[in-house]
Structure formats: structure tokens, C-alpha cells
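Take this structure, written in C-alpha cells, and hold onto it; I'll ask about it next.
For clarity, chains are labelled A, B and C in written order, and residue numbers in each chain start from 1.
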């Protein structure tokens, strides 16, 4: 896309990588917290341009990785046992629940539809008034407003056959949970498009760590890393917006207001990390809550006992230090969510490992 | 000429149309009126051959049956014709088997049949079955094709140093279908079409191997053919609209199917000339990479001097929001 | 959690009973879609927006060459 080209310019990237190399003196553990960032680092090969002193960790900022197995089980139950059309983002199709995943459920007759937008699910509900339609709402603060507004659209249209299975999570509690093991964070640009900079200034002070908000293009990522290393080298604690073209200090208040109308904050289990207080969103209106409408009890999900995804997400263990990595667990047969798709930390390492021996 | 639907056939295909009685005869006659009598009057066809013949078959399922730039009829004909091209053969004749789900509107079947007839590729025998509603995805089509071998091709002939070319830009079919499915509007159409002209264009350059990048895209083809060497992809021709679809939906053009493109392996010495010849047919044709020493891996060279491993995904590409 | 791309609003459709949120047709460069504009109430035809999951989540200034030069120049 023409609009993205300046942010991918090879000269700019080489310059930034070189500067990063000269500025880095110490040894720093920097955690990026968004699956989109992980994907971008790997896709553009930026992680291989980093100097020795920068260790990049892939954090828990990916709905694929942190949606609890029990919630996946509820989604699968809705699709298989109840007569609903389950609409979902494509990301969730291969994530393993306790026993199976949505893709395999579809093979066994589950009525599933991959959608690009929650509004597509509302449109399906409008089009098929005799069909119960459930949207599987996952994601962070970037996506919550879209689900909130989809519910408002359904309510305004008087739809009685639309509901949401909601499993939204919030970034700051996750950063708190892992902060003792990192030196700094790269925060997710599009989350901050909604939230603004204020929560990250406060968090930076609270945790005593630099937090730099980055975009997702090569120039954005390197610019963010450069700013982050500068703060670390200078011993400064601050939150810095390295993505000003998309992040305003005030964020998007209209979007946040929509979320506040639709959701309350709640304690939320994170896959592999336990329950974090006030880290999730719960639907306020039971009329649009699929768990309520279909009488779904919360399910205790079962993770494979050999899966160490939780430790990986918290920066406690590198994927390559997991005994199952590359043997019992590969992208073709993942034990846990972090090996599914390109966003997962383990999947990203899998790629690197097979990299040794790249052609000259 | 569009042959009108006889009134007595009704509006939709029913199980009666597949049951062997008069309704079925009526449907078969109608199909024969569109495709030519050879397609439906005998149990088989007898054809002259001289020299080695290539035989290939493929089955086609697509949703939607009619998509921007074509329908399953185009895929069914060109898919098998192109598979024959990939074996170095020029199609002589096709068989056509239809498995139709009851309830398929006959108007759709007709458009598919007229598409097949309009390709001009001889359909010399065929079969028609009707299945119960809910089992047929609308329409399954199988074509088998024979052709006379003109080029001696084989993956075993691929050597280190060979150049890899493509006959046009990548991913149009997959991007057009995915965009349509996800509610986007675009002028982008499927690239489904015949690769037959490539047999003549490439003959002077003695390519070692050809393959059409359908399901799984370029990544799947190169993944299959790389071993025992490695392949490095140096550039990818991608139309801006295909790029836009990929950026918005989180897809990679290297995984998207094409239905009217050929990947060409040719020794380095003849690569420039072969590329120029391909460009005469399609200005987007270009060299994409090189065969290098290795162990069956495929690398994509990025703009920053590094190589990234190209995976072949387990299943179909899925749009993402993350 | 973050796939969002820039696009330009071609035209705006006000809310209707069938579609109660404000919507706009957005051009991504040879690819268009109807996108919800409820989060960007100040957007007008011609505005560039950042689009995630079928919603515009922010308006964008037209590509600012000076801003990009600043980023590069400081190093």
C-alpha cells in the first residue's frame, strides 16, 4: 500500500538500526506486548537487526494467546451443542481449547462464520431473524469499542437474536503482572489510539519502567526501540509516544465512552497466567450476553500439562527452553496458544530456530 | 449462443434429475445441447494418440460458485488445462463430471455450462450425479484431461542456480475471493485463465519444471519443489489491490492461490530471455528467485538484507485482526 | 491485537433504522468497504482514518513529510 511505504523505507530502517547499535551500551530486556508487534518484528525481519544488548521479549498482548481455554470451550459448546451461528475473527479458529478447536468443531458440524467486523455478525442476525447469532468477542482495548458499538446497533435495531460471548482483556494489568522481569515495555500503538497516553504515564511511574508506544511498521518499531534504549541508557523513567500520527495524548474519548456504556471492569483469567484483578470486561446488559442467554456456566479449561505458554508470556522462560518446543509442540500440533499462528511468541521462535543456516 | 432452459426442466436441480429416468435424460440432453453431443452421448470417448500422453485430473469446489472474474466452470477447465501445461502437455480433450446438490438453481448450472463450452476445449465424455441437499456445496466438478507431451519437464531436473520466474502477478484469485467474502468492494478479479500460450512461448528456452500456484499459492509450490535444494525468493510481483487486501485482512500474498499463472524453473543462462518472452504475454511476469544449495527450505529476502523462512500454513489462509 | 490500516473516506451514510450507526465508504487503495464512523464524529468525506475490524478508530493527518523527516533527522 502506498500509504505505508515511507514507514518501510530501507534507508530509514538501516539508519535507525545503525543508530540503535551505537546508542546501546548496556544489556536490556525489552518486552513488546502486542501480537501485532510480534508479527511485524518477524515479518519484516527487524528482530534480526537488533544489537546484542537488546533482548526482545514477546509479551502477553495477544488475544490468541491469553483467551482462557475455558472460554474457547464455551465458544465451541455454543457452536456445537446450541443451534447458533457463531461468528468469530479468523485468529481464533485454530486456538486449542481443552479438547479441540473451532476449526475441528466446524468439521463436526458446528455452524461457524469467519467475519472481519462485529457488525458483520449483526448484519447476519438482521438477515436471518430466525437464527441465533453469537459474536465471539475477543481482543484488547482496540477491539472492545467495536463490540460495544455492535451491541448498540443490535439494540437500536430491536434484534432479539444477537448476543456476544465476551472475553476482552486490558493491557495495564498484564504489564503489572510481568514488570518485575523486564527493563522496559513497548506498548501497543493501536491500543493507545483508544486509551491515550495518560494511563501509560501513570503506569510508567508506578512500575518505575520506561514505556514507549510504537506503531507496527519497521520504522515505527525501530524508532520506538531507539527511544526506549535512550531512556534506559539515561536511567529515565517515562512514557513516550513514538506513534504520534495515530496516537493522540487524549486517545479516543468517544470510543472509550462506548466501552463504558457496554462493559464493566472485572477480574479475568489469563491463559497460563492466572486471574488478574480488574483486567477484563464484562457485559453490563444480560440481554446481549451469550453466556447468560444460553446458560453457559464458566468452564475450568484444561491446558496440556506440558505447555509452558504462561511462563513464556510472562518472560519467565524462552520458548527454546521449553522441553516440548519443536518436539511435542510445533505449529502443526500446538500444545498451547503461543505456538498457533504468527503472533505467538513460541511460533515466532520456531521460525528463528529454523533460520540457522540462512543462505548467504 | 445461449441455449434457453427448457421449461419442463424446472427451476432447480432435483434428485429426480439424477435418478436415471426421464428427468435425468432431459437434464443430460440439455447439458449436451450446451457442451456438444460428444460430452453426453456415449459412455466413453476413443481418441487417437501419438507419442507420450499426459493424463491429469482435478476436482473443483468453490464458494461462491460464481465469483468476480469467473465461475467454477472456468476453474474446472483451466485448472486441468494448466495442470497439463505444468506436465509439459497441450490439452487434447477433457472429461467433465458433475455432482450437483439438489436445489441448485438451473440458471446457475447453465451459466457454468456455457462458460465451459465457451472455452473451446473439447469435452468428450462425462457424468452427472445429483446428491441430497446439504451434501454437495452446490456443485462439485471434476475434470480429467489428456494431452500430447511437448516439453520434457520434471522436478528432478531442477538444479542449483536455476532461475524461478512467474508468468504474471500473484494472488489475484485468492485476494478477489477473500475480499468478496469479507464484504469488500474491489475491481480486482480472479486471474483464472489458460496457460496454454506458455507452451509455445517457453519452448525455445527449455524450462526444467513448471507448476501452477493454486491452493497454497507460491509458497506451497516452492515448498513442494525446493528439496533437496533451498530456494530464495528475491521479489514478488503483486498488484496494489492485492496488497491492499493483504494489509487489511492480515494475509500474505505468497499464500494466496492463483488460477491462471505458472511458476517456471529455467537454467540461469536462459533466464533473461525467458523472462522477456513471458513479459510479451503479461508485463507483470518476472523473475522471483533462485535455486541455491540447501535442504528444502524456502526463504523470502526482505528489503533490509535479511532472509525470512517461508512457511506453508497447515490450512487455508485466514483473515486476522491481530 | 492491533491490525489497523489507513483509508480515505469517500462518502458518508447517515444512520437509518436498518443501519443505526453512522457509516462511510472507505477506500484502501483499489479496495473499498463500508466502515463504521461512530468513533470519529468529526470525520468528513476526504478524511483519512485508521480502520480496525470495520471501524474507524482515529482520524489521521494527511501524510506529514516534515514529521517523518523529524524522526529521521534527530538521529
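Here is the rule we go by: a residue touches a chain if its C-beta (ideal position, glycine included) is under 8 Å from a C-beta of that chain, and two chains touch if they have at least 3 such contacts.
Keep in mind the model is a prediction, meaning the values are calculated, not measured.
Trainee: Out of A-B and A-C, which chain pair has the most contact pairs?
Mentor: Taking the two pairs in turn, the one with more contacts turns out to be A-C.
Trainee: Closest chain to the protein CA centroid?
Mentor: Minimum centroid-to-centroid distance belongs to A.
Trainee: Where the centres are mean C-alpha positions, what is the separation of chain A from chain B, in Å?
Mentor: From the centre of chain A to the centre of chain B is 36 Å.
Trainee: Could you tell me the distance, in whole angstrom, between the mean C-alpha positions of chain A and chain C?
Mentor: A distance of 22 Å separates the two centres.
Trainee: Which residues of chain C are in contact with two or more other chains?
Mentor: Answer for chain C, listing residues that touch two or more other chains: 1-3, 5, 28-29, 52-53.
Trainee: Listing for chain A: what residues touch at least two other chains?
Mentor: Each of 1-2, 4, 35-36, 62-63, 89, 116-117, 120, 139, 143 in chain A touches at least two other chains.
Trainee: Which positions in chain B touch two or more other chains at once?
Mentor: Correct list: 183, 240, 243-244, 247, 250, 320-322.
Trainee: Under the stated contact criterion, what part of chain A meets chain B in this complex?
Mentor: Residues in contact with chain B: 1-2, 4, 8, 10, 13-14, 17, 35-36, 39, 42-46, 48-49, 62-64, 89-91, 93-94, 103, 114-117, 120, 139, 143, 218, 331-332, 341, 343, 351, 354-355, 357-359.
Trainee: Quick check on the complex: what are the chain B residues that touch chain A?
Mentor: 182-183, 230, 232, 240, 243-244, 247, 249-250, 292-295, 297, 299, 302-309, 311, 314-315, 318-322
Trainee: Can you list the residues on chain C that touch chain B in the complex?
Mentor: Per the touch definition, chain C meets chain B at residues 1-3, 5, 28-34, 51-53.
Trainee: Flag every residue of chain B that touches chain C in the complex, lowest number first.
Mentor: Checking each residue of chain B against chain C gives 179, 183-188, 239-241, 243-245, 247-248, 250, 320-322.
Trainee: Quick check on the complex: what are the chain C residues that touch chain A?
Mentor: So the residues of chain C in touch with chain A come to 1-6, 17-21, 28-29, 36, 38-41, 50, 52-55, 57-58, 60-61, 63-64, 67-68, 71-72, 75.
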